[in-house]
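One structure is given below, represented as structure tokens, and several questions about it will come after.
For clarity, chains are labelled A, B, C, D and E in written order, and residue numbers in each chain start from 1.
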Amino acid sequence: MFLGRVVGTVWATKKDHKLEGLKFQIVKKVDQELNLKPDFAIAVDSVGAGAGELVLCAAGSSARMTPITQDKPVDTVIMAIVDQVDFDQP
Amino acid sequence: MFLGRVVGTVWATKKDHKLEGLKFQIVKKVDQELNLKPDFAIAVDSVGAGAGELVLCAAGSSARMTPITQDKPVDTVIMAIVDQVDFDQP
Amino acid sequence: MFLGRVVGTVWATKKDHKLEGLKFQIVKKVDQELNLKPDFAIAVDSVGAGAGELVLCAAGSSARMTPITQDKPVDTVIMAIVDQVDFDQP
Amino acid sequence: MFLGRVVGTVWATKKDHKLEGLKFQIVKKVDQELNLKPDFAIAVDSVGAGAGELVLCAAGSSARMTPITQDKPVDTVIMAIVDQVDFDQP
Amino acid sequence: MFLGRVVGTVWATKKDHKLEGLKFQIVKKVDQELNLKPDFAIAVDSVGAGAGELVLCAAGSSARMTPITQDKPVDTVIMAIVDQVDFDQP
């Protein structure tokens, strides 16, 4: 999984019918200091993550293992909102 | 998923029989300013995306979760046409 | 999917028994001008692609969605021979 | 699979219900000298790996092939604790 | 698939129970001249590949399509020992 921050939203009216009602969030990966990296992915939100929140994302077929993404053309899902990140080593 | 723009089309007569009738679009990823990046992928269009349109693509096994790509040798699908992209953070 | 050109062949006698009879082609990705990039992948040919031909490849589990690759340890397949590539935008 | 070292932990209270009870470890890939690389992934621990331990991780759908990750939105799992790494060639 | 050379072995006593008896080989990718690249992956050997041998590896879910890796947390498998590599183009 990767650690990222919600930095925006994508809106799409014309889409595969299974995607109706899903929210597409823009997630930027973060580094060890939780600073934003330049690259971003679009992820379906399954846990109510809001703008600016630190989240965990699962990618690939595992992104379809939540109740709202099952069997849908979704390859990245936000499946947790992060409370705390502890690095033991610098 | 990744955000991209349709920049061309690939034509292939000789192909796996399951691919008959599918349209292969060339999609370039875009950056935060929606400028084209150099890399491109070939994606099957499942939503009628035309040249120049901003689209969402799903990759991997999730690309087979649309009615027209199911069980086919397709690893990237255009599954939404993007209306708007909102970045909350620069 | 990615666009590539067949640039060689790999021969292997000792292999998983499901791979008997499959042809392993070396495929280099191409850029927008159809020039070869340095990286290459090994792909099973499902459409009779010959040396020098421009092809489309599917990767991941989708590579197993052709009649000759089904349920086999194959992660990249040539599933179309490309006739023409049209870029709308430079 | 990739070789990495456990360098921290991620805590998340609000998450997909299937993720209850799982431990999210931060794993940095290591190079041939077992030095940490800068990039990290978040992996579910299936073998009781502790801080600083050298581990093997499986990614993608294979990450769901352990008893505790089955059918869950998990794309990376620690599935072995490494005792020894032998390089035959420099 | 990717072309690589076996350059070492990883030993792990504490692991997922499905992994008992599997051999974890360290495989470095090779370039067109069959020289080693710096990056390496850990792959389960399904064909008796020894140290220094040139091999083909399948990654992702396809790595589970051999008799000894089926349904196991394994994402890379050595599924062929390479006899010869022929490049038609430089």
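Just so it is clear, a contact is a pair of C-beta atoms (placed from the backbone, for glycine too) under 8 Å apart; a residue touches a chain by one contact, two chains touch by 3 or more.
Owing to the predicted nature of the structure, the values given are computational and were not obtained by experimental measurement.
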Practice item. Since subunit B and subunit C are copies that touch, just let me know if over half of their interface numbering is common to both, same, or not, different. Key: different
Point to revise | Intercentroid distance (Cα basis), subunit E paired with subunit A, Å | key: 31
Review point. Subunit A to subunit D: how many Å between their CA centres?
Key: 19
Study note, to complete from the structure: Residues in subunit A with touches to at least two other chains are numbered 60-61, 63
Review point. Looking only at which chains touch which, which shape fits best: line, ring, star, complete or other?
Key: ring
Point to revise | Ring path (origin subunit D; first step to subunit E) | key: D, E, C, B, A
Practice item. Mind listing the subunit C positions that touch subunit B in their complex? Key: 1-3, 31-32, 46-48, 56, 58-63, 65-66, 69, 77, 79-89
**Study point:** Residues of subunit D that touch subunit A when the two form their complex
**Key:** 5-16, 18-19, 24, 26, 36, 38, 40-43, 51-52, 60-61, 63-64, 71-76
